[in-house]
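What follows is chain A paired twice: with chain B in the first complex and chain C in the second.
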Partner chain A sequence: MTAEVLQVHNLRVYYQTAVGPLKAVDGVTFSLKSGERFGLVGESGSGKSTLAFALMRLTKPPGCIEGGQVLLDGLDLIKLSESEIRKVRLAQIALVPQGAMNSLNPVMRIKDQIIDGIRDHLNEIPRSALEERVHELLKRVELKPEVANMFPHELSGGMKQRVCLAIAISLSPRVIIADEPTSALDVVVQRQVMLTLGQVQESLGASVLLVGHDMGLMAQFVGRIGVLYAGKLAEVSSVREVFKEPLHPYTQLLIACPPSLKEKGEFKGIPGLPPLLLNPPSGCAFHPRCPQAMSRCSVEVPSLKEVYPGRWVGCHLYTEVKR
Partner chain B sequence: MTTLLEARNVTKVFGSGGLFKRKETIALENVSLFIRESPPSITGVVGESGSGKTTLVRLLLGFLALTEGEVLYKGRDLQKMSRDERLEFRREVQVIFQDPFEVYNPFYKVDHVLTTPVTKFHLASSKSEARKLIEHALEAIGLQPEETLGRYPHQLSGGQRQRVMVARASLLRPRIILADEPVSMVDASLRATILESLRKLSQKFGISLLYITHDLTTAYQISDNIIVLYQGSVVEVGDAELVIKNPQHPYTRLLVASIPVSDPDQSWGQDSTPVLVSKTSTKLNRGCKFVDRCPGAMPVCHENPPPFFQTDGYRAVRCYLYKEASVIADETMGKALDQKG
Partner chain C sequence: MTLDYLLKRLGFFVLVVWAAATLIFLLPRLASERNPILERMGRTAAAAGVISEGLDEMVKEWEAKFGLDQPLWRQYLYYLRDMLHLDFGYSLAYYPAKVLDQVTRALPWTIGLFGMATLISFVLGSFGGALLAWPKAPRFLQYFLPLFLTLSAVPYYLLGLVLLFLFAFTTRIFPLSGGYSVAVVPSLSFPFILDILRHSVLPGLAMVLAGVGFWALQMRGMMVLGLEEDYITFAEAKGLGGKRIFFRYALRNVLLPQVTSFALSLGMAISGAILVEVVFGYPGLGTLLLKAVSGFDYNLINGVVFIIIIIIAVATLLVDLLYPWLDPRITYRRGMR
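Right after this comes the complex of A and B.
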C-alpha cells in the first residue's frame, strides 16, 4: 500500500452571491496515492474546476474556502499563510491549466516564462544553470531546444500545452493538477500530449489529478476516478470497475452517454438539466433526473459510503459494506 | 438526381503580412463537394483545427470570396445570383455556428432571433400565427416554449441556447443546414440531445445537413458520408461506415487510432507518431501534404500531389498507397460517390 500524498477532507468552497452562498464544492473527501493517476469527472458547473483551484488555494473572491482540509504530505494547505502557500505552489503542487492558448504571456519568450517560476522559488541559481534547466525541461516534454527562444504565437496549440506542462514540472512537484489540459486540442495532439504527461509523471513519481468530462480520456489515462455531481462526489472507484459496473445512476448514464465507434445508435443524453446550485434540489441533488429515484431520495442527502471494498458511492440504493 | 449545393475545385488563399513581406496562407485547396437534393443526406466534414473546416462553411455561405473554383446552389453560381435568387438562397441554406454565447445580442430577449426571420421572410400574416410557428419550432426540438420565450440569453444554458439556434434554422424550412461545430462548446450529455434533434429535423422535414466537426465519433454516428480534411485538402471521402471502420488514408488512420476509447482494457492507439512540426502550409506544396508525418511515405509522395483513387464504390482516397485503383477527377469525386441511395 503506497502512502497517500494528498488527502482532501470535507472540503467546501462557496461563492458568495447576493441571494446567499452558492455551494460549488460541498463536502468533498478523497485522497491521492503516491504516483497515482486520479480522474475527476463531471458536467460543466459540477464544481470540478472550482475544486481543482481550491486544492492550490487559488480560489478568488467571490469564491471562498468555507472549510475542510487539504493535506499535502500531512501539511494542511488551507491553514497556510499567503506567503507559505506561495512556496508550496509549483514546488510541490502544480497546475496545468485548461486553456494553454491563454495561459502564456504573449510578449515573453518561452524560456523566460519557464525561468520565472523557478526563480521565484530558488533565486540564487545562476542564469547559465537556469538555461540548462530549461533545455532539460523542454526535452522532457518532447519539444526542441529552439522553442526556448520562441514566443507563444509561434507555437501550435499542442506545443503551447507542452510548454505549460514543462512549467508545471519545473520544480518536480509531488502532485500535478491537470484541468482539462487537452479540451482545446484535436484527438491526435490530445493523445500525444497525454502520453507525454504520463511519461513525465512516471519519471517524476508524481501523482496526477486529471479534471475533465471526457470519459474516453479517463478510461485511457487514469487508475481511479471520482464522479462529481452538483459539488458532491457521487462515486469513487477504480476506473476499470466503474466502466465494468457503474453503481451510481448518474455514473451509469454518464458512461452510456458518449457515442462509440462500434455501432451506430441513438444519441443518449442525460434527461433534464444540471441542478441550479443556488437553489439545489432537496435530498439527493440528482433525484429529479434519476431514473431510479425513491421517495427517500428527495428528503435525505445520501452520504458517500464504501459499498464494496474500495468502491465509494453516494446513493440510497446501496448499503455500506459489512466489515 | 439534382444537385442542391455543390463546390467545384474551391481554393481559398488568405494573404497576410505587410507590403514587402507578403505571406500567403492556403486555407483550402481544390476542394469539391456535392450534396444532392433528395433524399436528404448528412455529410460530416472532419479535420483538426486549422484544416480549413470553417473556411469551407464561410465559402459555401458566400461570406468569403473564392480565390478559385465555384460554389453552386441549385446549379446557380453564388457570386452571380440575382437579388431574388439570393434571398431564396439565404432562406433555404441555414447555418448554426459554433459558439452559442456569441450569436445572441445580450440586450434582446431570445425571441428576437426567432421573430426576425419570421418578419424578414414574411412567414406569418399575424402576430399570433408567428407565435404559433415559433412555438412549433421550439417543441420540435424538445424545448418548452413557455420556459424559453421571454427570456434573455444569459438566463438559458449553453445547450438551450444552441437548441434555440437549431429551432431558428428549422423555422425557415431550409433545404440544407450547415452546422459548424454545433456541439463543441457543450457537455457530452447535451451534445447527444442537440445532435439527436438535428437528426430528427433532417428526417422529419427532409433537410440535408453538413456537419462540421473535429470529433470523429459524433461524425460517424450522425453522418451518411464523411469528408476528411487535412491542411485544406480532402484526403479521404466516402461512406461513413467505410471511412471510420476501415480508414485507408494514413491521416484518417491516425485520427481513428487517436480517439480515446471508453474501455480501460483497450489500448490507446499504436505507438507514437511523429510530433507535428509544420502548421498550415505557406506555399503550394509540391507533394502530398501529409508526407512529413506519414509513416508510409514513398519518393513519389514528395514529388507530385496524389490524385483521388477510388478504392471502393463509395470511397476515394488521396494517397499513392492505392495507386492500383482507378483515378477520379476532383470535381466528379462527389458525384462518383453519390450513386447509392
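Right after this comes the complex of A and C.
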C-alpha cells in the first residue's frame, strides 16, 4: 500500500496584481501515498491554503494556476474541464474547510446539506436511501441522528466541524484535504475532532492532507510533513525526523519556537518578517532571516533535493544523497 | 412560529392602523379655513348660475347632517367607531355616493396593477441583480444595469408621460387612458381580460422600469458580498452544480435582507403608483384620491387613505409572518433576540 494517490509536480499558483504576479505557490512538488497522513505547515501567507485550494481547482481570480500537475490516481486535475473537475470534487478529493463556523448554509437543514452533495454526483437515489445514508454518516462522525433535522445555528462549533467532516466523507473520497480544520475550536474539542478525523480516514483508507500551523497538532496526527516557506517547500520528511533533527534552518527555528514546559524561558520567535511575495528576496527566500546564510544563498535558488533517504531539503547547506 | 409572536405582530398591526386613522382624521380638519360643504354648495350654485339666498343656513343644515357641528373629540369618537365597521360615511363631494362603495370599486384595479407591477419589478430586479454578481452569468447583462439605473432615477409619473407619448399618442399601440375600453361590456370573458391587460401595460411598465434598477443594484451589492461567504466556497468544494449553488446557497441567503427592504419600500412605491394612476387615468385608488383631495372631500380622503394604509400594513404583516419561514435563525420565542 505505498502507491502514490496524489502527486503534485512543480505546481505554481500566482495572484495577478496591478504590479505583477504574486507567486503564492511557486513550484511545489510532493506526493501523498495511499492511506497516508501528510501535514503541510507554514506561517501565515506562506501559501499553504492557496496550495490546498489549488489541489481541488478552487482557486478564484485574481488567483490563477500558472502551471504544474496535480495527478490524482494518474489523472491530471489541472487539465480537466470545469464539469469534469466538479465531478471529481467530493467523490475523489474532498475538503474539510477551515471556517467550520460559516461553512454551512445557515438556511438549510443539515441533512439537506449532506444530501445535495451526494445527489449532484450520483444518479437518482430514492429519498429513503439518502436519509439512511445521512444517519449513517452522522453516526460515523459521532453525531446524534437528530442533528439531521437541525439548522447550523443550533449546533456548536465542534458539531459543525463534524458535519463538515460527514459531508467530506459522504462519497468515500481517496484524498481528504483538511485546511486548518480545528483552528476555530478549543483544544479539547480540537482533540476530539482530530480523533474522529483519524478514525474516519482509517476506515475509508483515504489519504489526508492536513494544512495548518499548529506544530503540536501535526506531530500527533501526521506521518510526514512538508514545511512551506514563501510558496516553496523548504523541507519534506517524516514528522519524527523533522522534530528530532530538523535540517533546514527555517525548520530548526520553527521547532525551537515553543517554550518548553520544563524550563521556563523566553518565547522565541524567528527574527525578521516573512517576505513579501510580490518582491521576494533573491536566491533563497529565507536568506535575509537565516542565521547560516552564505554568499551563495542570495544568488542561487536552492532546489528541493533528497539529502538522506526520504528526507528532502531545499537548502544550500546540504548536498544530494549519492545513490 | 409561536402564538406569542403572532399576537405581537397583530397588536403592532392594530397600533399602526389606529395611529394612521387618527392622523388622517386630524390632518384635513387642521385646514380650518376651508369648508367642504360650502365648496360643494358653491359648485352647485355656480353650475346653476344663481347664488341662492340662505346659503349659510343650508351649510349649517348639511353640517348637522354630516355631524360636522359636533365638537372635535366627539367627531373623533364617532369616527373611530365608524372606522371599525369600515363605514366611511357618504362622500361629501359626490353625495349620495357612499365612500365604501367608491373605494371597493377602485380597490381591485390598484391591487391588480400596483401589486403585479411591484412584484414583477422586485422579482426581475432581484434576479437580474443576483445574476450580475454571478461570475458565470452571460456578459451582456452588464449593459442593462446602467440603463435601468438611469430609468430608476426618473420619477414614475414622468416615465409614464414619456411612455404615453411614445406608445399611445405617437404610435397608438396602447390605449391612452382608462382601465378598460368604453365600448367593452365588463364581464369575466376573455376579450375583456385581454382589454384590461392592454390598458395596464403602460402604467405597469412605468412602475416596473422605474423599480427594476433599484432592486438590481441593491441585489448585486449584497450578492457580491454573499459570494464571499465560506459556505459558498464549501459548496463549490462539494462539487455542487452551478445552478444549485446560485439558487440554494447564494440567492437564498441574500434574499433575506432584500425581502426586508421590499416590505419597507411598499409605502414609497404606493405613493408613486398613485401618481401613475392619475397620469394614465386608471380607475384605481390614486385617481379616486386625486378627486377626493381636489373636492376637499374629508370622508373620501379618509376612506382612500385608510384603505391604502391597511394594504401596506397587511403586506408588512405578511412579510413579517413570512420571515421565520425564510430564515430559520429567526425564532420568535420570548426571550430570544
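Quick note on the criterion: the second predicted complex is superposed on the first by the 319 of 323 C-alpha atoms of A that agree within 3 Å, B and C clash if a C-alpha of one lies under 4 Å from a C-alpha of the other, contacts with A are read in each partner's own complex, and residues count from 1 in each chain.
Heads up, the rule we're going with is that a contact is a pair of C-beta atoms (placed from the backbone, for glycine too) under 8 Å apart; a residue touches a chain by one contact, two chains touch by 3 or more.
Every value quoted in this text rests on a predicted model; they were computed, and no experiment measured them.
Visitor: So, does A:Ser103 touch the first partner chain B, the second partner chain C, both, or neither?
Guide: Once the two structures are laid over each other on A, A:Ser103 reaches chain C alone.
Visitor: Could you tell me if A:Val187 is touching chain B, chain C, both of them or neither one (first, second, both, neither)?
Guide: A:Val187 sits against chain B, while chain C stays out of touch.
Visitor: Which of the two partners, first being chain B and second being chain C, lies in contact with A:Leu253: first, second, both, or neither?
Guide: In the superposed model, A:Leu253 contacts chain B only, not chain C.
Visitor: Applying the document's definition of touch, where does A:Ala91 land relative to chain B and chain C: first, second, both, or neither?
Guide: second
Visitor: Who contacts more of chain A, chain B or chain C?
Guide: B
Visitor: Do chain B and chain C touch any of the same residues on chain A, and if so, which?
Guide: Shared contact residues on chain A (touching chain B in one complex, chain C in the other): none at all.
Visitor: So in the complex, which bits of chain C are touching chain A?
Guide: By the definition above, chain C touches chain A via 135, 229-231, 233-241, 244, 248-249, 252-253, 256, 326-329.
Visitor: Help me check something: in the complex, which residues belonging to chain A touch chain C?
Guide: It is residues 56, 58, 61, 86-91, 94-95, 97-99, 101-108, 116-117, 120-121, 151, 153, 164, 167 of chain A that touch chain C.
Visitor: Per the contact definition, I'd like the list of chain A residues that touch chain B in the complex.
Guide: Listed in rising order, the residues are 43-44, 142, 156-158, 185-192, 195, 213-217, 219-221, 239-240, 243, 253-255, 257-261, 264-270, 273-274.
Visitor: If you look only at chain B, which of its residues touch chain A in the complex?
Guide: 48-49, 157-159, 186-193, 195-196, 199, 214-218, 220-221, 244-245, 254-256, 258-265, 268-269, 272-273, 275-276, 279
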